[in-house]
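Below are two complexes that have chain A in common, paired first with chain B and then with chain C.
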Partner chain A sequence: MPGIKDRVAIAGVGATRFTEHYEKDHEDLICEAVDEALGDAGVARGDIQAIWAGIYYQFTGLGGPAVADPLKMYGIPVTRVENYCASGMDAFRNACFAVAAGVYDIVLACGVEKITDQGSRGLPNVREGAHPFLPPASAPAMFAMSATRCFDVHGWTKEDLARVAVKNHANGAKHPKAHFRRAITMEDAVNAPEIASPLGRFDCCAVSDGAAAVVITRPEIARTMKHKDDFVVVKANGLSVETANPMYKPGFEYLGFPATQTASRAAYDEAGITDPFEQIDLAEVHDCFTITELLNYEDLGFCKKGEGAAFVRDGLSAPDGPLPVNPSGGLKSFGHPIGATGCRMITEVARQLQGRAEGVQVKDPKIGLAHNLGGPGAVSSVTILGRNDTL
Partner chain B sequence: MPQMPKIATWHLPVPDVESATYWQGAREGKLLIKHCNACERHFFYPRAACPFCWSVDTSWRESSGRGNVYTFTVVHQNDLPPFRDRVPYVIAVIELEEGVRMTANVEGCSPDDVRCGMRVRVAFRDEARSEDDVVSLPVFRPEG
Partner chain C sequence: MTGISAWGAYIPALRLERSLLGKAWGTPALPGARTVRAGDEDSLTMGVEAALTCLGDRARDDIDAVFFATTTPPYAEKHAAATIAAVLGLRDAMTSDVTGSLRAGAAALRGALDAVDAGTARTALVVAADNRPAEPATAMEQLFGDGAAAVLVTKEAAVEIVSRASNAEDFTGPWRRPGDSYVKTFDPKLETEYGYIRPVGAAAKKALGERTAGAIVGYAPDPRTLAQLSKKLGIEARDALFKTAGNLGAAHALVALAAALDDASVGDRLLLVAQGEGADAFVLEVRASVTSALPVRDQLAAGAPVPTYESYLRSRRLLPSDAAEPKSSTITYWRDRAQALPLIGVRCGNCGTVQFPANRACYECSVFDQMAPVSLQRTGTIFTFTLDHLLGGEYLETPLPRVVVDLDGGGRIFLEMTEVDPSSVAIGDRIEMTFRLLHDGAGFHNYYWKARPPRRAPVRV
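Presenting the complex of A and B:
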């Protein structure tokens, strides 16, 4: 089983600003992101042989034409990929597999979501996916269940959550494409209005619009493109799915997300990572809520179970720490246009490895990780990328 | 002109072939859970086949209605009627004595007093779609 390690390269990346794009629709956003990615790789639309597009909401667009129509790229395979909040990274995964299989030379992975203008606060229509026996629970309420458990079992506090928000907003303040570009204080975070306690306003990411795109090819072809030898190598992707109804699952502890644990182990196995804390130089992880980032540290094996709060408190995930997490500012600063987020994370990690981050640049990274988590911990995708000299 | 309903009812369950017995039991003040006759385990939510062994040889059992709060949140923000008039309210994962878990509101105490591990007992809150269509929703109250 040859897998995908070192057989797939990222030749170009692009992303819109993530914000409330009231003046744009999903067609404007996807074109902007794809054009930036194609320009970055130095290829034309006609060079692309297939597209995978991460889109979650039906109202953003259905089927391949959701992106083929705005891009006017017809007559090639275009597949809409939906896998909760991991839709974007699952689109990337499918594109990588197609290149590794030798079916195509140059393909595009992209993601887009247009959520504002839907007449709703928070995520629209979450009720449609809710189980009939479940009192309607918002996304903050579902993740708050984990925070309550961590407070009870580990003794974590609202200050522990706030440290994630303060770190990520400080990073996002320096990123031109972030939705929120203002640093906050511990007092801002701890004293913010409650949403679903113990999660307050700064513990939750915002609802935003945006798109991101990645040009994917083989390393030998990437060398002939715009960045020459300075392309990014795909080391691995792991995808794992668990139940969408963990609340009915006896024994579910709410102290971590098994999908992230299994997806990351699969990715580490393929990438040859045995000590993630030592071997990974930066990570963009799914901080839909502050509690999620603390649990991600543990689930991704950056620290032991129960040590997530200490990991950020000790500065280990700070931009100048040993394992910077969300140097872009994360979902906390960018918001979460669901289908777009995974490809944005890939974009951020790729730019970091090339030393051209648009926000905070981590010092000399060789190996980077991107992590999506979808639903109530139901789907996780973990991607490992490497600098060209890791090939 | 049809009369517009004065109260929100969109959130109320619509009983189907697999859940009608459950909702009828609730109307009678009983919390019914499913039991698998093949592997002898209880399960929730009610459905035709056992989620552990896939047997369709299942039966209804009345739960003691006693359990504890496994975890919970206090919801402070919800724009949708009727919930916007209820904030702050508690959504909890309840672990029943029979070992199954369900989600429900915790009532009968201040949201500030809810704790993990708190002993609770089922009660039923009636909500009406119309005069002759009443649903009894299981909620939990502190025991004792």
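Presenting the complex of A and C:
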């Protein structure tokens, strides 16, 4: 298996600001993100040969036309990808594989979500014709049950969770496109109203609208394009699926997400990473909730099981620490328009590797990781990107 | 001789102090408290509780008939007895609802006795439950209570029914037309004398014949009327319910009987009476000592107060609410009836892992088609939980505890928790399952199980 390592390049990236875009619809957002990405890559719409679009909610848009229509990019394959909150990075994965397979030269991966248009608060229940007696809990509730276990087993506290929120808000405050551009204190986080115990308001990402797009090609083509000197290469992607119903799975520990463990091991194997903490220079990880980021540190192999709380407490994931995690502010502060998040992470890591992450640039990164998680730990996608001097 | 071989009552956990009602309306308050069903309970769910207590671990394969008696059926069309039979795993039972009268519980008992005597049923289960609607600010609001009882009718029973008598009397009071919100009454004196004392007295005398009885148990509209009947018949009346539970409607006679049988001794003779457009009287003799796993007196003593009158109004759907209707599907509900209502999971023949809902491929070892059905136990231990402030149940307060439970005997299940102080929920807590009305999605009653703290006190050795 030749895999995709070093055979796929990122030629351009774009993203909208993530916020409540009351004045824009999903078409406005996808146009804005794609236009920026195409401009960044120096290509025209007619140069794109295929599109994969991550969209989670059906009210955002169904099918390929959800993206083809606003852009008027007809006559080419356009595929909507849905894989819970990892929809965006799965769109990116499919686009990478198509390029690595040699089927296309230049393709687009993008994602968009227009959550505020659904007409009610919070995240809507998407299970049409829902099961009468196996209803899903709210997303905070599903992740909160991991926090409850970690408090019991590891002795973690609300303060341990709050450190993630404080760090990510401080990071997001410096990013021009982040939803929440305000730093918070430990007191703010610990004393916030409870959403699903033990998670409070600042432990949960909010509802945001937004879109992101990535132009993907092969390295040899990227060398002829606008970013010929600083294009980014894809080192690996791993995607793994576990049960969406851990609450019915006998023995499920709630102390981590096996999908992230298997997805990251697959990605590390392909990228040749044997010591993630040493070899990875920055990470954008899926902090839908503060507890998720703590568990991500462990599942991604940044630290040992049970050490997630210490990892942030000791400053290891701080922007000036040895492994900055979510310098963008993450889902917590940057925002989480579901289908857009995976591609937004890719744009963020690419900009960091290119040294143009205005306001939030970490020091001289060569290898970056992006991690997208969906469902109650059901789908995980891990992408490793590198500067092109790693080729 | 045919009679009652097992019984069980269900007294809901909530109590409304009558003084709270007096305070709310500026009216005199009766002494004591009344029972109140929770917002996720109705006559059917209370009936299930009583039936499960009545049957315990007893084998159920000889139960050929299930009668359900109430004046407050959950549906005008669609009977509840079939749902109760489904929960109990009685797929082949004859099922009937007996409704429309305060005498429904006694009428169901008559039907069960007839079926067993006639041999059309080897064993018949009688379930009676009621939660009658009383108009706010009336005496009925103070007097009425909610509750349920179940009795198992068999030949060769521990409690024999040695004689019985009935009569019919067209009497208007109390009554409720379709669409009426509350029970109506007219002239209490007329109702007491002509509606109750005369027909009940006549049925009692006929059933007793030359015999007498140690005590009267059964239905009366209020304690004073029961005392009048006692005086008229010259037999002591046993009232275990009015002060601590209330008038339990169509369930009252059987709950009162259960309470009396809990405390009865071999050789006791009881007169059971019921009234509603006429009367029924039964003479029972206790032949063998039987105990209930959850005696009525223990349940009466174990109540928790409804904190405010407003919360009572809310749980009774007497305050308008625009709660969103959850989605559901009659097709899914029907398809899952065989596993969801009786709680049937599967056990993997390869690795032994018990799982629910049923899987074709094993969660643990992923082997295909090695599953055998297994009855899940309704007790377990909380593995993890959250107090969810976002998704409350319909007419239920937030935060809503949601618990992941490892069931005794295997299987992991995800349940809402009811009748618990959310702040007290902890990993490792023991729970038992209780059958509740989950929501009314798709315009029908979606019944399922919830978790609650165990009602049964630890067995004393």
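The criterion applied here is as follows: the second predicted complex is superposed on the first by the 378 of 391 C-alpha atoms of A that agree within 3 Å, B and C clash if a C-alpha of one lies under 4 Å from a C-alpha of the other, contacts with A are read in each partner's own complex, and residues count from 1 in each chain.
The definition used in the following text is that a residue touches a chain if its C-beta (ideal position, glycine included) is under 8 Å from a C-beta of that chain, and two chains touch if they have at least 3 such contacts.
Owing to the predicted nature of the structure, the values given are computational and were not obtained by experimental measurement.
Q: Could you tell me if A:G119 is touching chain B, chain C, both of them or neither one (first, second, both, neither)?
A: Neither partner.
Q: For A:P2, is the partner it touches chain B (first), chain C (second), both, or none of the two (neither)?
A: It touches nothing on chain B or chain C.
Q: So, does A:G46 touch the first partner chain B, the second partner chain C, both, or neither?
A: neither
Q: Just chain B (first), just chain C (second), both, or neither: which does A:Y248 touch?
A: Both partners, chain B and chain C.
Q: By the touch definition above, which chain A residues appear in both interfaces, chain B in one complex and chain C in the other?
A: Residues 122, 127, 131-135, 137-138, 140-141, 144-149, 152, 193-199, 245, 247-250, 252, 254, which sit in both footprints.
Q: Residues of chain C touching chain A in their complex?
A: Against chain A, chain C makes touches at 326-329, 332-333, 336, 340, 353-357, 363-364, 383-391, 399, 402, 404, 406, 410-414, 427, 438, 441-442, 446, 448-449.
Q: Name, in rising order, each residue of chain A that touches chain C in their complex.
A: Against chain C, the touching part of chain A is residues 122, 125, 127-135, 137-138, 140-141, 144-149, 152, 193-199, 243, 245, 247-252, 254.
Q: Given the complex with chain B, which residues does chain A contribute to the contact?
A: That would be residues 120-122, 127, 131-138, 140-141, 144-149, 152, 193-199, 245, 247-250, 252, 254 of chain A.
Q: Could you please specify the touching residues of chain B with respect to chain A in the complex?
A: Within the complex, chain B contacts chain A at residues 11, 13-14, 19, 44-45, 70-80, 83, 88, 91, 93, 95, 99-105, 111, 115-117.
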